[in-house]
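For clarity, chains are labelled A, B, C and D in written order, and residue numbers in each chain start from 1.
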Amino acid sequence: MTLINDVMHEVNEVMGLVKEDQIDDAEKVIQKDRRIFVLGAGRSGLMAKGFAMRLMHIGYTVYVIGETITPSVQKGDVLVSVSGSGKTGMVVEPTEKAKDDGVKIVAVTSNAESPLAKLGDAVIVVPGATKAGDGVKSIQLLSTLFDQSVHITLDVLCLKLSRRDHVSNDAAKAEHSNME
Amino acid sequence: MTLINDVMHEVNEVMGLVKEDQIDDAEKVIQKDRRIFVLGAGRSGLMAKGFAMRLMHIGYTVYVIGETITPSVQKGDVLVSVSGSGKTGMVVEPTEKAKDDGVKIVAVTSNAESPLAKLGDAVIVVPGATKAGDGVKSIQLLSTLFDQSVHITLDVLCLKLSRRDHVSNDAAKAEHSNME
Amino acid sequence: MTLINDVMHEVNEVMGLVKEDQIDDAEKVIQKDRRIFVLGAGRSGLMAKGFAMRLMHIGYTVYVIGETITPSVQKGDVLVSVSGSGKTGMVVEPTEKAKDDGVKIVAVTSNAESPLAKLGDAVIVVPGATKAGDGVKSIQLLSTLFDQSVHITLDVLCLKLSRRDHVSNDAAKAEHSNME
Amino acid sequence: MTLINDVMHEVNEVMGLVKEDQIDDAEKVIQKDRRIFVLGAGRSGLMAKGFAMRLMHIGYTVYVIGETITPSVQKGDVLVSVSGSGKTGMVVEPTEKAKDDGVKIVAVTSNAESPLAKLGDAVIVVPGATKAGDGVKSIQLLSTLFDQSVHITLDVLCLKLSRRDHVSNDAAKAEHSNME
């Protein structure tokens, strides 16, 4: 038994617990005529960025909270907020403010009872272990299992969106940065 | 004589050498119906980001090369490239590629004879000292004097653009990130 | 009278109001055997990053709050927080928390009476106009005049540090990123 | 059959092809007394950042190429470069330069015959589909399958390092950013 197998066993277990209808709920909120903003801290923030990059590739107007050219978030926009514990202050507080302003919230968290989950118009529960001790137990450090599972979950959401919107791989390639 | 005075003496000297008609040339290239991309490395890159942020505030569609949601650069877009020496590989090479693709280039550099300057459809020479030894001599480290002067120069360009486009301070404030 | 002259007139006025002994107070807090963290939002955040980059060049262990490899802030560390209004939530709240944990605070703001200023073990007041309406009046947009003046002020602080620590331009150059 | 299952089938297939002894080779290169730098573009870059963050948590001195406080890379340092195709210019060129300077290279790519792979002192082949068409075929867009598999692979490497170095989850938690 290798360590790769042990880790994949964990990822498979968590992904088996992610509810595909929750991904479908999020899909309904994410529409081409809405601006999408993403928010997350630490490694959750990196996963949020990876999601934002792919949304850009498939034709969405999308922004990362904290990056240079991100405008103000307004009523009618969508905010996708990611936090394992669902309690990260730098994520929950701006999400609350946005909710109050009439922004639609997609909450991605391991904890269905967390403050972040309660703010979600759509909620995707990804029950991987976090550093707060939520979710499926893991041999991995901190919220590693949550990060891995969120990564895949948001990629499944992107795949669903690209199919719904009839975006081909070639169309996505044409949007991909050509300055690398 | 304080150190603040010494430094301000340097900044005033460089800004006295920046040609306002070069800023006006750049202003003509930057139009609302064109996407604007900015590119720079190190502290020049931070100045490019500050410029991009302000362009967003005054209503431009603008992207920072290297940030998450930056799409591919295409014919008809504008690329603003900043390099003190005008020789930074990570700036000059992508600018060359963009130029070949039909992108309009605004080059900002201390060295009017540099590879970057030669690529510019508009060139703004900001002759502050750089770490390559160009420009007005300075008691400050590396390219500090260039950075300071580029900062102010690009802000003057933003001010000109906002006046040309009739963008008020209140309109800019409304675009400013409200998630801080 | 050109627009460059108008803007330089404003920058000179603000820099004439920055108190060099406040810079000296900050200099005393910033020591080689302490880890330095910087924090700011928006364009203030870019100025904080520019300062951090130069501190690295002159041999300090320095981190930007929000970047990838930034560890936890601990008692005995120094936090340099930048906010024009001195009221930015994403800056003031973490600064309060750090202060409670025994971190030394350097506050950089246009408003000497702001919450951020009150947290400072050292306070540098840079009275440039901000989007909150503080400081010297300006024809420039939002907090542009504050940003420009903070940039120069923090560079003066770096220059003082490099002289105190006997760091040469060549030594700084050797630390400068060689992957650009 | 759900889309989650389809995607997990792909991830399991790729991870089954990752050779654990290649991860072990990389582990030997990454040592506490060496500075570790990471480099990647686009979503590969986000995976590199996630790896760097975790290395920080487990006590390594680590830097991300392109971030604010990253110093020059020197002989004796380690550079971990990630590129699906192994041909990304912004990754391969700096890696070549670093190799010439005596830096140890860990190459992570889907293509064992790529320019990047040839530069590696240790090479980890992660044969997920990339936008260049390498690796295991995928229903997912662009290099999604490569990103997912690299994420997990580098986390396995982190887990091995933490066990080798006897770093506990609590020790990692203490290093985790406390400013979120």
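Here is the rule we use: contacts are C-beta pairs under 8 Å (C-beta built on N, C-alpha and C of every residue); 3 or more make two chains touch, one makes a residue touch a chain.
If you're wondering where the values come from, they're calculated on a predicted model, not measured in any experiment.
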Would you kindly state whether over half or under half of the residue numbers at the chain A/chain B interface are used by both copies, giving same or different? same
If you tally the C-beta contacts, which comes out ahead, A-C or A-D? A-D
Roughly how far is chain A from chain C, centre to centre by C-alpha average, rounded to an integer in Å? 33
Interchain centroid distance [CA atoms averaged], chain A/chain D, Å: 21
Interface hub residues of chain C, defined as touching at least two other chains: 46, 49, 53, 66, 89-90, 176-177, 179
Going by the contact rule set out above, which residues of chain D touch chain A in the complex? 2-4, 7-8, 11-12, 15, 18, 20, 23, 41-43, 46, 49-50, 53-54, 57-58, 88-91, 131, 139-142, 144, 147-148, 151-153, 155-156, 158-160, 162, 167, 169, 172-173, 176-177, 179-180
Interface with chain C, chain A side, in the complex: residues 66, 68, 89-90, 93
Chain A residues within the chain B interface of the complex: 37, 39, 49, 52-53, 55-56, 62-73, 94, 97-98, 101, 174-179
